[in-house]
Structure formats: structure tokens, C-alpha cells
Amino acid sequence: MNCARASLCLVALPALVSLGACGNMPAVLDPHGSNAQQTAQIAWVLFWGGGLIFVFVMALAAYAVFASPAHRAWLGRQNFVVGAGIVFPIVTLSALLFYTFKVSGELVGAKDAAPLKIEIVGEMWWWRVHYVDAGGASVLVTANEVHIPVGRTVELFLESADVLHSFWVPNLAGKLDLIPGRVNVLRVKADSAGVFRGQCAEYCGAQHAKMAFHVVAHAVPEFDAWLAAQQLPAAAPRTPTLERGMTLFIANCGACHTVRATPAAGQLGPDLTHVGSRLALAAGTLPNNVGTIAGWIAASQHIKPENRMPSFDRFTGEELRALAAYVESLQ
Amino acid sequence: MMRTLVILSGLAVLAIAGTALFVYSGVYNVAATRQHTAPVYWILETAMRRSVLRRVQEIEVPPLTERATIERGLRLYHPNCVPCHGAPGIAPEGFGLAMMPVPANLALTAREWQPAEVYWVVKHGIKTSGMPAWEFRLADTDLWAIVAFVATLPTLSPQEYRDRARAIAPLVAADAAPPASGADRGDAERGKVALQQYACVACHVIPGVVGANKTVGPSLAGIASRKYLAGVIPNGPDNMIRWLRFPQQIAPQSAMPDLGVAERDARDMAMFLETLK
Amino acid sequence: MTPPAPLPTQLPTELPNPLPRPDDELARLEAAWKPPSGWKLLSAVNNTHIGLFYIATAFAFFVAAGILALLMRIQLAVPENTFLDQVLYNQMFTMHGTVMMFLFAVPVVEAIGVLLLPNMLGARDLPFPRLSAYAYWAYLIGGVVFFGSLFFGNAPDGGWFMNPPLTSYRYSPGANADWWLLGIGFIEISAIAGAIEIIVGILRTRAPGMSLDKLPIYAWAMLVFAGMIVFAFPAVILATMLLELERAFHWPFFVAELGGDPLLWQHLFWFFGHPEVYIIFLPAAGMVSLIVPTMARTPLLAHRLIVLALAGTGFLSFGLWVHHMFATGIPQLSLSFFSAAGMAVAIPSGIQIFAWIATMASGRVQLKTPALFVLGFLAVFVIGGLTGVMVAVVPFDWQVHDTYFIVAHLHYVLFGGMVFPMFAAFYYWIGCRARWPARRIAVGVFRIRALAYRRHREPGAARRLVGNAAGAAGSGLFVSMAAAFTGDGGSWRGAEGREERYLGIVPRESFPRAASKGC
Amino acid sequence: MTGPGIALRRLAIAGWLLLAGCANESDAPAFDTREDVALGAIAFHQYGCGACHRIPGIASADGIVGPPLVDMARRVYIARGLPNTPENMIRWIRAPQELAPGSAMPEMQVTAVDAAAMVAYLYRSE
């Protein structure tokens, strides 16, 4: 996880000044999207401005206490208070205010002729993702991973199915809450390809800490290929083990999960038609391979207590391996 | 008052330091070929006798004189006890002779020990003496049968013993395992002893059991919440009992041997393992 | 403003009329004012006793919530730690926030007011002594019962702001949320009782001749403070009533599907929430305004400007609660108003900061213990204030809202803006009650506190995560060690060779002089 | 750990193995070098073994589906009656179904280099 290295590097950070020296910045200051780019600029202005004002005030205070009475006489007068306390803040804050009005105007106003529309529904502790075409018809249903083309504005329609959540991909844009009964629109545009980790940023209960997701930015042709691949129905099982896995899947998992072109059509849980191709499992909790799938199936309540999926620990070793192999084969 | 306290504690510290030095130096010879020094021998014997005496008060002895009981006692005594203790006119096996302390000649024991004491020793065995516990190998009635027979040993001449022994069909312990007593849920405390008796402590780390720190097989810490046994069958009370009794059926080449665990002992062990969350 | 007359060094000896005094008058007066002794002390209503009880209880809650913070830091010291499971961790961060804000911060500043105001105004006691006794006991019992819920495993776990729908009946079926709603609702009532007491006290029971412009600066701060409580707290009491009704009878105030709106709670809560943090800061600013002149041995500069600043803070703070909700998708135009208000509210605080610096510059500062804490206050609070202005900027707040940047900001502002002045006040006024704390210990406490509050601002990590991701190892450890130092600053009893004692005669009941005290 | 990061490290290990002349898995690669132990920890993270096994020293590896990987260096038998040697451990990690058909332990396509690093981690003398 790239944020692992970033945070480790944060520790070595003696002071803001030496940020440059550190190879990998915290996500907020490592923008890859137009939105985050401008916000990072503001962030730098604020850090430097705030830092300078702080040093200035501390110097004044030290001067007021330790300098010789003659030197600090000019400080001890009422119009210094008026000057520094009223005039200086009004001037600097007004400048800051108009600067940020200009920037936030650009951020919100950035319209794009044909944005890619994606609906994201926050669930208790995972993300349901619908790709919709211009008319609003559902093109693809997936979960916990949002693939977007580079250079094209993506409109994310955020709504919640239960409690408050907040969609936050620091590398691309600021956060926006998912509130039941309301649809918020977040515009995001990735400038460069890459995998960006996102995290739910509004406390939403027991597993708020394990409700992450990934945004994968591709070059346009790559994205179209990905979208086409994802729209295909599930791969049919090729070997007897996978066949056995599929029968087990339909019998035990079909009630909650959907795998297109199979009788499994449950809506409660995420769509697993192409789960094998996802980067992570259980909303960014585990890396995705046949081992972690088996571990998640058999002990999901141990890995993410109180989540909606029970632990299926009644399979024999053989059955569990066949089921996990089948799920992983849904590339 | 303070002074005596200081002196006492000083002595205590000295004593502890002394024993620690003695133990670490390895001066005491534990070889089986060298008998204890007289005082140590006396201390061990007395400690053993007193320990057995303390624990037999509540045991009530059933009638031991019927012929059938004695007859069954002989059928059990001959294959199970003779290898170490011998019999009138019959020598023990080589390993029985090479043990320190040497297994007692039971004809003398029958004269000096009460039947309840003999029963206790046969049932629970004696630590570091080589005398095994038969509680998990023989039913209670069979234990009393052996005691009944041992009581008659002083009256048998070698010839009589040899004739009687030839006339009976020996009854080896394995097939005389105690029957399962009802479908009770199993008693964890007895399960803990069973873990000892079936030598699980020789291969596994078992939290809460002294001496169970061996890493031949996997650690049993947290076994109760583990999802699979041997990676094959899902964990649960009945699967655990099946796994304890017939591991080779479930995981054929596994290093876990079939220990011939009685159904009741398996249930007790499962109850204890249930507590290792 | 003309400098006040030099302070008299002796009590006036001649009496208003020459008639001979009845011989047992002093005894009868003393008897009337003798505090109840033994366990009857619990029935005391005198502001000094109630004030001391109040401060002691608030400090106990401060230590309790501080311990919760240490436990949380242990959990976050290493990634994926299993020290606390998510159930207990969520309860702890909720209780830490709630107890610190509702059971420590507001009560302790109110308690200091109850203790000092009557004497500063030259009044015998607060106007309604029994009301302040009632407020204290409601606070003590309600607080203890509320905190006790932690030990039975069903403390509230919805965050100190308890946003529905998570805390509504559907997703928090247990009694956890009810503890918070009922507990906080009642504790706020006792806070409003104290506020009314202070308003009436300041406006009606001033010593004769003390017109409003002669009012001590601290009294001004407490007047604005109490006024803000009277306007802000009803919002949270209403909100807790609505949510409790929703939970109890399934009424749809905040349930979106049935026509309610979760944002209604956030508006009501933060309409109280933001004034609350200024309610906590203003009394501290008032205390600093009293201590700085003594520290610099010169009268306070720009007195009228500071009073205006206090009033300004009072009004402005009611106009910027939405900056807690920048990320909820409220239209950009209204966010801009609140962003502007968020910056404007920094100006009154700026005025006060520079007024204190100017006062220090115009006098000769003596670095006694209270002075150290005031300088610590200046340093830590200015960082807090500046980060506050930074998060008033909407786009930046979209990135750092609900992250450790905000946690760092609020701890700078609360510790810097309230706890440092509180400790300064303890050392400043304690001379009238007990022996002075050893200077060395006091300085040690100050240095630990200042060091610990270099919290690491880490815009990358979201807050309230029971175990931070494997990557955040380093910073979690660093911050945890820093927090460990701030465990309540050790004992500060002891003696300090303070030369002369003011006037030498300190009656047990109240302090003799109206003006600021030269301990 | 982003994709390229891992690939770079694998090249480094392979290079090191070649240099030390133990590229083929048959003879036991030298273990317990600090570099190897660290790579083993990363490999455990990458393959997500913590979903089923409790592995001391690996964050978030507290799975309860399989046995805990505790004191692996001192274990006499691993898997199904397999004598505990580094080579057997590598064979078991790379192809569990050959040695214990029917066990829940899946085939994870673990490369020889990663398996060696994992074994180095498990055998580390802590």
C-alpha cells in the first residue's frame, strides 16, 4: 500500500521545510488529480503563510519579554495593537479569502461536456459502484474499486444506503460525504495513471477503519478495454474443481451475491462477477488471491467483526479450496 | 522482632541459593545404575508412602474374594504386570530389571500394603518411578480384579502360578478399555489429565498444562476458535472427538498417530480444548 | 482610561458611624458565615466551597478522560494493534471527546468563575447560591453516572458529536447512545444554571461605584461566556431531545426515508458546537488578561479593545458553525459565507494576542510560574489559531476534514487556549488558598505540556480508525510517546519562598480586594 | 508496496541467490540474513497469509482458519507428517496439494524466491 511508505517517511520528517527532501509525500500533498493539484497548492500557501505568521508572532512575544525596555517601547502602545490586531489580519485574510474563492470556484465549476457518470452507494463498510451511461441506465455493477480514464472528468454521484460515510481519495480530490436521502456530486479528473487508495472519512461504526477502496486511473484505451472485459458475463468453470466450486457458490452464496450468467443473483452483498480481477478484498482489507479469499470465506467475522457476511466455516478443506478457486477464477 | 525477621529471611535466601547452586551444578547423579544415597532413598520412599496413605482415606474397597474376580485379575496381571513386576518363579523383562527404582515384587507388597493403597497406585501410578497410571487403560472393576489377584499372590507357589497362568487367556489392556459412561458433556478437568495420559503433552504446546511445551506438532493455543482441524474437517465438538480418536482416517499421512483414545476420554479432552479460546 | 488609584496597603480602620459596636457582633457575624462542618459540608452553598468542589470534580474528569486518551494512544502506537477491540476503542474515543468537552472544559471554566467572580465584584456571594449548589450536584451525579457507563461496556460509541443515522434506533439499537443523549442533555441544564447565575451576578451584584467600564476584564469575559451559553446550549438540548424521541418512539426527525434529514442534527449540534469551543476559550482569555498585567507589572493595554474583541468573538462565533460541515455537499455559495466568517472570527483573538504582547512589552515581565504558562499559552494557541484559519479555507478543509490535522488543531486550541491558562490561573490564585507549589515542579509540568503538544500534523491519515493502516506505524508511535508525557502533570504541592503575602490577612471566606490580585 | 517496488526487490534477491551459487532450490539457501527476514515479512504481507494464519511479527496476520505459524524453526513435523527441513517447508509452501491432498491450504503460485524468503522469516531466531 503506497500510503504505508508515505506514512513511514512522515516519521523521518523533522520539520515542514524538509518535506521536499523526502521522496514520497503524504497523499494530500502528492496530487495526481486536477482537484487535488489546486488544493495542494493552497495547502502549501497555508503552510508557509501560517508558519511565517507564527514565527513572526513568537518573535514579537520574545522581543516583548526579553528585549531591553528602550527597544520595545514602540511595541507597548495601543496603535500597535490596532495595527497588528486589526489592520494586518483584515488585509491578509481578505487576500486569502479571495484567493480561495477563485480556486474553489474553479474546482466546483469545472464542467466537462461528456463526463463519465458513476453512482457510488456507501454501505456498512463497503462501496457499491454502478457505472451508468449518459441516460442513467446501469452499464456495469462492481464494488470497492473505481476505474477511471485519465484526463476525462468523472462525476461521482454519492449516496448512502445506511449511515453517513465520506468518499475521500486524497491523491485526486477533497472528500465529500454520502448522506442518506441526498445525492452529492463529486467531480474528479486524474492527470496521470496509477492506483490511488481511498478511505471512508466519516465515522460510520464498528468497521469504519476497514472501509477503504481503490481508484485506478487508466489511459483511455486501457480503460475501455477494462470496461468491456468487466461487462462480459462470468467465466464458465473449466476444471472439475471449479465446477464443484460453482455448485457450492450457488448453493451457499447465491442468496446475497450476484454472478452474472449464473443462478446466483443476490443483491445484499457486492457483485462478484469479476471479483478475481479486483486489487483488494473486503473493501481494501486483504490483498486479493485464492488464499485470502478462502481465509475471508471461512473467518470473515474474525477479520471484520460485525460485518454483514457470516463466517462460512462448515465446508471441509477440500470444499473451501474448490469454492475459493472458483471465486478467484472470476477474473 | 526486626532482628529475628532479618535473620530468618537471610537464612531463607541462603537455603534457596544453596539448592539452586546444587541443582545447577549437576552434582547429583541421576543415572539409573547408581542407587540414591541412603538419606535421599529414605526421603523418597517415605514421601511416596505418606503421599499414597493421605489419598486413600475415602476409597471403599469392594469384596475381593470371589473366584471370578481373582480369575479375571490373573488374566489381566499376567500380560500387563509381569513384564515389570514378574510373578512367583517368573523374572520380569530386561527393561523391568533395568529400572531405578526397581519394580517391587508384588508378593511382598501384598503383605505390607492395604488393598486400597494398591488400588490407588495401580490407578494413578507414581511420578518418576516408572509405575504407569492404568486409570485410562482399564475399567475400575478390572483395577479391583488385579488388586484381588495381587492379594492372593503370597499364597501361590511358583508351580501353582505357572499352571494357573497356562490355563487362562491373557487379557491385554488395550481391548479392555473402560466403556463410555453416558452421554454427559465431558469433564474438562479430567480432559486435562487425559491430555497427559495420552501423551499429547509430548508433541504439542498446550496453554495451561505444565510441561506441554513441545513443538513436534502445531501449538494448540486458540484451538477452540480455529476453523479447521488438520486443514480438512471444520472444527466443532463432534469433529474434534472424531479427530482425537481416528486422526489417520481424516488425514492419512499426518504425523498424528491413532492413540486408541476411548470415546469418553476424547469427550473430556474436547471439553478442555474448548476452553483454549 | 485613567490609571486606577494606588492599591491601599491597610484595611480602613475608622468605621462608618461612631456609635459603640455591640460587643458580640463579630462573633455573631462569624457564626452566621461559618461554613457547615463535617459531612454537613455537603450542604454548603457558599460560592467558594461550591467553586472548589466544582473545580476538583472537573479536574477528576480531566484525569479520567486523559487516561482514556493514553489507552487510545497505546492502541494506535503500532499498526493493527490488538490492545483494544473496535467496540471498546469506539466507546473510548467517544467518551474521551464527550467527557473532555462537556464534563471538563465548560464546567471547569464555569467553576473558576463561580469561585472568583463574587470576590472580584465585591459581592458576598453569587445571587442564587442554592442554584449553583444544585448545578454542581446535578453535574457531579450526572457526570459520574455517565462516565460509569464505560465500565458496563455500553458507553456511547457514536463519536462526541453522535451523528445519526448511525446513532439512531436502527444502527445503534443498544442503550449506548441513550447514555449520551440523556447524560449530556441534563449536564447542559446544570451549565445553563451556572451561566444564569453569572449573568445576574455580574449585572446586579457589583460593588457600589463599579460601573460597567470599571468592571474587571475577567468579568467581561465571563459575561460574554455566560451569554453564549444561554444562546448556544438550548440548541444541543433540543437536538438531544429530538434524537431521544426518535430513538424511543421511532419518530422520523433524522431518518431520511421517512422524510427526516440527518443534516438537521449536524446543524443543531454544530450551532451549539462552535460557540461551545469559544465558550471554553473566552474565560481562559479573561484569565490571561488578568494575569498578564500582574506578570508585566503594568496595567492592561487596550482594555476597551479587548472588551470589544470579547464581545466580537461572542457574536461571530454563532455565525460559523457550518465550517464543521464543509464536506456534506452544502452549496458552494453558503460555504463561502461560512469560510469568510471562519476567518473573521480569528481577528478578535488576534487583537487579544497582540494586546497581551503589547502589555508585556510596556512592562517588565517577571518569569514566575503563571508567566511561563501564559507564554506557553501564547505559543500553542497561536499555532491552534493559525491552523484554525487554515481549515476555514474550503478546498483545504475538503482534504483535511476528519483527519488528524483536525485532531491536532483542536488539541492545540484546547490545550493551548484553555488548559495552559487554567494552570496559569491555578498557580496565580492558589497563593490565596494554600502554600505555593514548588517552582521546579511547576516549571517541569509546563515544559512537559509544551513538549507534548508538538502533535504531529498528518493530513494523510483519517481519524477515528481503531488501528491505523500498517503504514502509519512511525507517526503513531511518535505521537503516542508524546501523549504519554502529558499524563496529568504530576503533583504540584510543595512550598515556594514567596516573600511577602498580600496584606497578610486572608480571611477564609473571600479575598479582600476587588482589583486583580498581586499574589 | 506498489507493484514495481516488489519486482525490484525480487530481482535483488534473485541476483543475490545467483551470486551465492544457490540458485537451485535443492541445497538450502543460507537463512537468517537480516535482508531475507525482512523480505519474508513483506512476502507474507503480499500473499495475504495473515488471512488464515497467525504469524508473530506480521501486522494484521491473526487468521484463525489455519494453525498459528509459531516456533516453526523448532517444529519436528510440518504439514502432513513432513519432516521439518527448509526444502520441505519450501515444497509445502509452493505445492501444498502434492503433500496434503484435500487440505484447505491452497496453491498460491509462490515463487521459489518468495518461498525462500518466507522460510527465512519463519526460521528467524527471535
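Letters A, B, C and D name the chains as they come in the text, with residue numbers starting at 1 for each one.
The rule is short, and it goes like this: a residue touches a chain if its C-beta (ideal position, glycine included) is under 8 Å from a C-beta of that chain, and two chains touch if they have at least 3 such contacts.
Everything numeric here is computed off the predicted structure, so don't read it as measured data.
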Centre-most chain, if every chain is reduced to its averaged C-alpha atoms: A
Approximate Å spacing (C-alpha centroids) for the pair subunit A, subunit D: 32
Subunit A and subunit C, separation of their C-alpha mean positions in angstrom: 36
Interchain centroid distance [CA atoms averaged], subunit A/subunit B, Å: 63
Centroid distance [mean C-alpha coordinates] between subunit D and subunit C, Å: 55
Where subunit C touches two or more other chains at once, by residue number: 467, 470, 473
Residue numbers of subunit D (touch at least two other chains): 45, 62, 64-65, 102-105
Where subunit B touches two or more other chains, by residue: 225, 227-228, 230-232
Pairs of chains satisfying the touch condition: A-B, A-C, A-D, B-D, C-D
Subunit D-touching residues of subunit A, taken from the complex the two chains share: 1-2, 4-5, 195, 286-292, 294-296, 298-299, 302-303, 313, 316-318, 320-321, 324-325
Contact set on subunit A toward subunit C in their complex: 1, 3-8, 10-12, 26-29, 36, 38-39, 42-43, 46-47, 50, 53-54, 57-58, 60-61, 63-65, 67, 69, 72-73, 75-78, 80-82, 84-86, 88-90, 93, 96-97, 100-101, 103-105, 107-108, 124, 158, 162-164, 166, 168, 170, 173-177, 179-182, 184-185, 199-209, 212, 305-306
Residues of subunit C that touch subunit D when the two form their complex: 78-80, 82, 467, 470, 473
Of all residues in subunit A, those that touch subunit B in their complex: 298-299, 302, 311, 313-318, 320
Contact set on subunit D toward subunit B in their complex: 54, 64-68, 70-71, 74-77, 80-81, 100, 102-105
